[in-house]
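Each of the next two complexes has chain A plus one other chain: chain B in the first, chain C in the second.
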Partner chain A sequence: MKINRYMKIIGRKILLLAGSVFILSLLVFYISRLSPGDPLVSYYGDRAEKMSPQEQEWARDRLGLNDPIHVQYIRWLQNAFRGDFGISYKYKMDVTAVIGGRILNTLLLGGIGFLLIFVLALLLGILCAWHEDKILDRVICKIGTVTSCIPEFWLSLVLILIFAVSLRWFPSSGAYAVGKENNPADRVRHLVLPLTVVVMSHLWYYAYMIRNKLLVEVRADYVLLARMKGLRKSQVMFRHCLPNILPGYFSIMAVSVPHVLGGTYIVETVFSYPGIGTLTYESARYQDYNLLMLLSLITGITVIVCNMLAQAVSERIDPRIRVDDEGAYGEVEEL
Partner chain B sequence: MRDGFEIVGIRRTEQYPASGSQSRRQGKPLVSALLLCFIAAGCLACKWMTAKDPSYLNLQYHSMPPNREFIFGTDTMGRDIFSMIWYGGRISLFIGLVSTLLTTFLAVIVGAISGCASGKVDAVIMRGVDILLSVPELLLVLLLQAVFGRPNVFSITLVIGITGWMRMSRVIRTEVRQIRNSEYVTAARCMGGGFFHVLWHHLVPNFISSVMFMVVMSIRSAIVAESTLSFMGIGLPVEVISWGSMLSLAEQALSGRAWWMILIPGLFLVVTLVCLTNLGNHLQRHVNRRHSNL
Partner chain C sequence: MSELLEVRNLSVSFDTPAGEIQAVRDVSFCVRAGEVLAVVGETGCGKSVLCKSILRLLPEIARIKKGQILLNGVDITGYREQDMCRLRGRFFAMVFQNPMTVLNPSMSVWAQIAEAVKVYGRNMSREEVEQRVIQLLDLVGLEDLKKRRQQYPYHLSGGMQQRCVMAIALAAEPKLLFADEPTTALDVTIQAQILDLIKEVQARLHTATVFVTHDLSVAAKAADRVAVMYAGKIVEIGTTEEIFQDSRHPYTWGLMRALPAFARGRDSLYSIPGMPPALIDPPKGDAFACRNEYALAIDYEKQPPMFQVTDTHFAATWLLDERAEGLGIRAPVFRMEEEDCQEEQKSPEAAAKVLLDVQHLTHVFPISSGKTLTAVDDVSFQIRRGEIFGLIGESGSGKSTVARCIMNVYRPAGGHILYQGIDICDSREFRAHKKMLQSTRQMIFQDCDGSLNRRMKVCDIIAEPMRLQHVKPPRGTYRAEAAFQMQHVGLAAAYLDQYPCALSGGQRQRVAIARALSMEPALLVADEPIASLDVSMQAQIVNLFRHLQKEQGFSFLFIAHDLAMVEFLCDRVGVMYQGRLVETGSVKEIFHHPVHPYTQKLVASMPLPACCTGWDERRQNR
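Then we have the complex of A and B:
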C-alpha cells in the first residue's frame, strides 16, 4: 500500500520531468534557430564567406538546415532517443565527446565552490547570530552586503589585476598549464582565483539567510525554557535552534544549485576556464545548434532535478508539507 | 556573571532610547540615499559636470593614468573616463529603471492572473514559470539577444526586462492567493468591478509592501545584468557608453596594467549597487525588536 503510493509519486515526478524537458528542448530549439547568424560560419570558419551560393546551399543541405524547423526538430528528437545528439559544428566531433572532455572541470569548480559556500555560510551565519548586534556582527554584515553586491565579472577582473598581473601569484586563465594536465598542484593553482570569486559572490546571501533564521528561532519561547532549565547558550544554539533551521537550509541549498551554476558560467568565461560555461557561451553565440541543445538540456535537467530533490528533502524532514502542497518549493528569497 | 549568577529572561526595556530624533534617524539608510541621489544627479546633469565629449577619441592621449587634465585618466581609445562615467551612468541607470518597470508590470500581470485563476490554469502557469526558471538566465538572455540582432539600449532593456519577472510573479501569486477570498474583494467583484479594477484598487495596495523590496533588488540585478552582458561583448557595443561597456575594454587594460580603467567604472557600479541594496533592505526589514531569549 505504502510502496504503491511511493511508486505513484515517483511515476508522477518522472512524467513531470520528461514533460518539462520536452518543452524546454522545443523552446531552445526554436529560439536558437530563429536567431540571425549563420551556422555555416561556425562550421567552415572564414571559408564560409568565400563559398559560392551553390556551395553554401549544398552545405546547408548536407547539415539538414534547409528543412522546415519542425522537420528538423523531429529528426533531432528521433536521433536523441537513440543517444545520438549530432556533431558540434565548431569542433566537428560528437557533442557528447566535446562536453565529456570539459564537464569535469565545471564539476570541480562548481562542486568545490558549492561545498565551500554551504559550510562557510553555515559557520558565518552562526557566528553572526551568536554575536547579534555586537560590533563583530555589524562589521560582518556590512562587509557581506558589499561583497554580495560586487558583480562577479568585476570581482574576477580585480582579482586578476591584483593577483595575476601585479603580484603574479596565480595564473589568470585556463585550468592547467600546457603539458601539466595531470599535475594536481597546478590545477589547484588555476582553481584558486575562480573559486574565490564563486564563493565570495554567493556566500553572504546564504550566510545572511542563516543568520536571520537563527535570530527568529532564538526568540522562540522554548529557548527561554531551555535557558531557565540551566542549559548553556551553546547547548541551546547547537542542539535546539540549529537543527530547527537546517531542513529549510538544505532545501534552499538544493534549489540554489542553478544560482551557483549560473555564477560559474560567468566566472568561467572571464577566466577562460575550459568548462561547460564557456562552451555554452560560445555555442549560443556562434550558432552551434547541436551543442547548445545538449548543454541547455543538461542544465535544465540539473535544475529540475534539484528542485524535486529540495521538495523531497523538506517533505522527508517535515511531514507537514504535503506531497502536492502549493508552493512547497523552498523559495530562494532575494537578499 | 558578575556574582556567579546570570539572570535569564529579564527584558531590559530601558536599553532602547525612547527619545525622538535619534531613534528616528537610526536604521534609515541616509548615507546610501544621499550617495545614490548624488550619482543620479551627476548622471542627469552630465552635460554640466564635464566640458569634455565622452565619445571623442583623443588618440594622442590614450591610456593615460589619472592626472590633472584627465581626472580619472583616459581609456585605450583616448576617451576621457571622467566624462564617460557620468554619460555612461545615465544609460546604466536608465536600463535598470526601465527594465524593472517592465519586469514589475509582467510579474504583476502573470502573478495576479495565476493567483486569481482556477487550480488548473494556475498550475499550468506556474509550471511554465518553473520551466522558464530552469533555463539559466545567461542562456535565456543570450538567445533572446540573438533574436533581436544588433544590440542597442532598447533591445537590452527589453531583454533584461522580459527575463527577470519569474521570481517576483511567484511571490505576487502567493500574496494574491491569500487575499483573493477576502470579503472586500468579493464585494468589489459583486459590484461589478472588473479584473483590472480589483487588481489595481484592492490587490496591488495589499501586496505592494512585500514586493517593493523585490522591485528595488530588481533594479540592482538589471544593472548587473547590463554590465555583465556588455562586458562579455553581447550587450552594448563599445561606442555606446555605459558602465558595463567601459569595462569591456578590460582585457586590453589588464595587459597594459591600466588599473584605472577597471577600478573606476567598477567602483561607481558597486557603490550604486550597495546603496540600492541598503535601500531595499530598509524597505524589507521586519522590525523585530523583541529581546533575544538566548
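Then we have the complex of A and C:
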C-alpha cells in the first residue's frame, strides 16, 4: 500500500513536470519569435545582407520560417518527440551536438559552485550565529555586505587583473589549455577564478539567511527546554536548531538554482568559458531559435526538478509538511 | 529538613536600550528538600525571571547583579555554562508555561524524552534508555505513547504535551523542580489533572517543587509555603496557612479580594487599583505604595525591610513596624457571600423578546482528503434582549465557531440563525438587511494584539466602523465620538493619537470594546475577551462589561473558559462539549445543580470555590 502511494505521488509529479515543460516551451517559442532580428543573419552571416529578396524568401522557406508560428511550433514539437531538436543556425549542426560539447563545462562550474555556496554558507552562517554579535560575527557580516555589493563582471575583471595578468597564477580564459583537454589539473586551474567569482557573489546572501534563521531558532522556546535537559550549546545547536532550519534552507537553495545559473552565465562570458551560458546568450542574440529552445528547456527542467527534490528532502526532515493521508486529526480525537 | 536551595539577596537586571530593568530585586528565600513553595504574583513581577536566573536560562542581556545562589550549601553563582549544564536536568529541572512551544516541533516526543534520558545516563544501552522512557511515560500517565513512537508534538493535546514536558523534566530525577505556570495555558479540566499529576509525582519522588503561578487558589491547593512577589521583590512569605489565614501585606490582601469567588452576588469584582510600576526606574520607597489604600507616609520614602511575624512568616510592609501597631490596621475579613442575593428578576416583557435565535446550527470544516471535522453539531439556544449569555467549554469545543457563524464570518453547513427574526444564514435576506445587521452586531476578539491594526491610530480604530457604515457621528466629528467612547470605557483621551503598540494589553482590549460600542450594538459577541489578560486586568475588564451592559442594555454573548468569571458576569450559561451544546440554564442552575456529567466535571474542577470554601470553613472553625 505504501509503495502504491509513492507511485501515485511520483506519477503526479511527472505529470506536473510535463505540463510545466510544455507551457515553458510554448512561451519561449512565441517570445523568441517576437524579438526583432533576422535568423538568416546567424545562418548565412554577412552573406545574408547581399542576398536578393527572392533568395532570402527561398532561404526562409528552406528553414521553415515562413509558416505561421503555430504550424512551426507543432512541427518543432513533433520533431522534438522523436528526439530531433533541429539544427543550430549559427553552428550548422545538430543542437544536441552543439550543447553536448559544452554542457559538461557548465555543469562543472555551476555544480561545484552551487555545492560550495551551499556548504560554505551553512558553515559561515553557523559560525556567525554561534558568535552572535561578537567580533568574528561582525567582521564576517561586514565583509559579506561589501562583497555582495560588487558586481560579478567587475570582480571577474579585478581577479583577472591580479591573478592572471600580474601574478600569472591562473589562466584568464577558457576551460583548458590547448592540447591539455584531458588533464584534470589543468581544468582545475582554469576553474579557480570563475568559481571564486560565482561563490563570492552568491555566498553571503545565503550565509546571512542561515545566520538570521538560526538566531530566530536559538530564541525559540524549545531551546529553553533543550537547555533545561542539560544539553550543551553545541548539542542544542546541532540537534535542535539546525535540523529545524534545514527544510527552509533546502527549498530556498532549490529555488535559487536559476539565480546561481544566471550568475555562471555572466561569469562564463567574462572568462570566455565555453559553457552553455555563453551559448544561451548568443542564441538569444542571434535568433538561433532551435538552440535557444533546447537551452531554455534544459534550464527549466533543471529548476523544476530541483524544486521537487527540495520538497522531497524537506518532507523527509520536517514531519509537519508531509502529505499526511492518515491525518493528524483522527489521532487527536482518539486520544 | 535540610535546605536544598538557598537564594540570598539575589538581584537580576536586564540591560535594554531603554535602560536597566531591575526584574528581580534583593530576593532571599530557601527551598527545603521535598517541600512545595508557591511563588505568586501578577504578570511581570519577576516570578519567571527568578526561576530562570537560578537555572541560568535567561538571555544574555540579563545578568545577576548581586546575591548568591546556593545549592546544598555550594555557591553556584559564579558557575560557568559547562558547569551549569551538568546541574541542569540532574539537580534541578523546569516545566514551562506553554507546552506547545517548548517541545521541538520537528522531533518525535519519544526522541525528545529519550534525549533527556541519555544526557543523564550517558552509558546506558539502547534497551535501558527504552526502559527508562517507558517508565517515565508511565509516571506521567502517557501509557498510550509507549507503542506510538512516531508521535510528534502537534499530534498531542495541550495536556498531553505538558505531560511530556514533565517526563523530560523528571528524566534525571532532579531534586528540585521549577514549575513555571504549568497550568495557565491549559483548559480548566486539564489544569486540574496536571496539578494533580505534579502533586502525585512530588509525593512519589519527594522532589522539592517551586510552583510559579498567578492563581492564588492553585497555590492554596498545591503548596506547603507561599511567597508573594511584587515588582521584583518578595513581599510576603510564609506557610500556606499563614498566608491565607493571617496575611499581613496589603498586596496579598488585594490579591485575595480579587478572587472572583468572593464577588458572588456583588456588583463588581475587586481589582487592585492602578498598574504595577515600571521596573526600569523603580520607586524609591515601597513599590506598592501608590496602589496601597493602607499606605503610610514612610512607604513613599523608604523601602520596608522584612518583618518577622512568626518563625516561618515574613512580610515586607511598614504596617508591621512597631510604630504602626497603634493604627490597628488588620487584614480585611473575607467571606464568601451567602447565596442570599435575590435573582434579579427581568421584567416580563423583556424576557419575552428574543433577539437571537440559533436553531440546529451545524458547522463542518473540511480537513485533508475528503474528511470533515464537525466543529458545531446541532446547537440551539436563544439570547434575549439585554441578557448576558455565557458560553463555556474547553478549547476545541466549538465556541468560537458558533460566534463566527453568528457574525456571518462562517457560513454554517446547516441550521438557522434568526436575528430579530431575520435568517442571517440566508444570503438574500442577509443582503436585504446588510446595513442593519452589520451595524447592530459587534464583536470583540480574544487577541487584542491581532485585532487592532497596528498602523492605525486609536481614534481611527474606534471610528472605523462608523466610517464604514456611514454613520453620522452624534458628537460632531468622528474624533470627538472616539474620544467620548474612550472616556466611556475608562481610557484617557490622551491615547487618541497613540498607536496600539503604545498601550498595555488591558488598554488595547478597552480600545476594542470602545470600537464595538461605538456602533451602539444590540448584540455584542465577545470571544474569550479576557483570556489573554492578566488576572487583575481581567477583573477590571469584566467589571467594565458588567457596567456597560447595565448602562446600555445590549445583549451580550460572552465566551470564556474561566468559569468563575462566567458565573460572576452572566445571566444564563450554555455549556459546549465536543461541538454539542450539552446544557443550558441560568447561572444558578448550571453552577449549583449541573445535570450533564461534563458540566459536573467542569464545575467540580473549578479551582476557586473548592479551595476557598475549604479555607473559609477552616477560618470559621478557628
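Miscellaneous remarks
What we mean here is this: the second predicted complex is superposed on the first by the 305 of 335 C-alpha atoms of A that agree within 3 Å, B and C clash if a C-alpha of one lies under 4 Å from a C-alpha of the other, contacts with A are read in each partner's own complex, and residues count from 1 in each chain.
Everything below uses one rule, namely that a residue touches a chain if its C-beta (ideal position, glycine included) is under 8 Å from a C-beta of that chain, and two chains touch if they have at least 3 such contacts.
Only a predicted model underlies this, so the values are computations on that prediction, with no experimental measurement involved.
In the superposition on chain A, A:231 contacts chain C only, with no contact to chain B. Contacts of A:153 after superposition on the shared chain: chain B is touched, whereas chain C is not. In the superposed model, A:5 lies in contact with neither chain B nor chain C. When the shared chain is aligned, chain C comes close enough to touch A:239, but chain B does not.
Once chain A of one complex is fitted onto chain A of the other, the partner contacts of A:221 extend to both chain B and chain C. The partner that reaches more residues of chain A, of the two candidates chain B and chain C, is B. Across the two superposed structures, the residue set of chain A contacted by chain B and also by chain C is 219-221, 224, 227-228, 233, 327, 331-332, 335. For chain A in complex with chain C, the touching residues are 219-222, 224-233, 239-240, 243-244, 317-320, 324-325, 327-332, 335. Chain C meets chain A in the complex at residues 52, 55, 57, 59, 81-82, 85-90, 93-94, 96, 98, 101-108, 115-116, 119-120, 144, 151-152, 154-157, 160, 165, 168-169, 171-172, 367-369, 371, 373.
Per the touch definition, chain B reaches chain A in the complex via residues 8-9, 127, 130-131, 133-139, 142-144, 146-147, 149, 167, 170-171, 174, 177, 213-214, 217, 220, 224, 227-228, 231-232, 234, 247, 250, 254, 257, 259, 262-263, 266, 269-270, 273-274, 277-278, 281, 288, 290-294. Only residues 20, 23-24, 27-28, 31-32, 34-37, 132, 145-146, 148-154, 157-158, 160-161, 165-166, 172, 215-216, 218-221, 223-224, 227-228, 233, 236-237, 241, 258, 261-262, 265-266, 269, 280-281, 284-285, 296, 299-300, 303-304, 307, 326-327, 331-332, 334-335 of chain A touch chain B when the two sit together in their complex.
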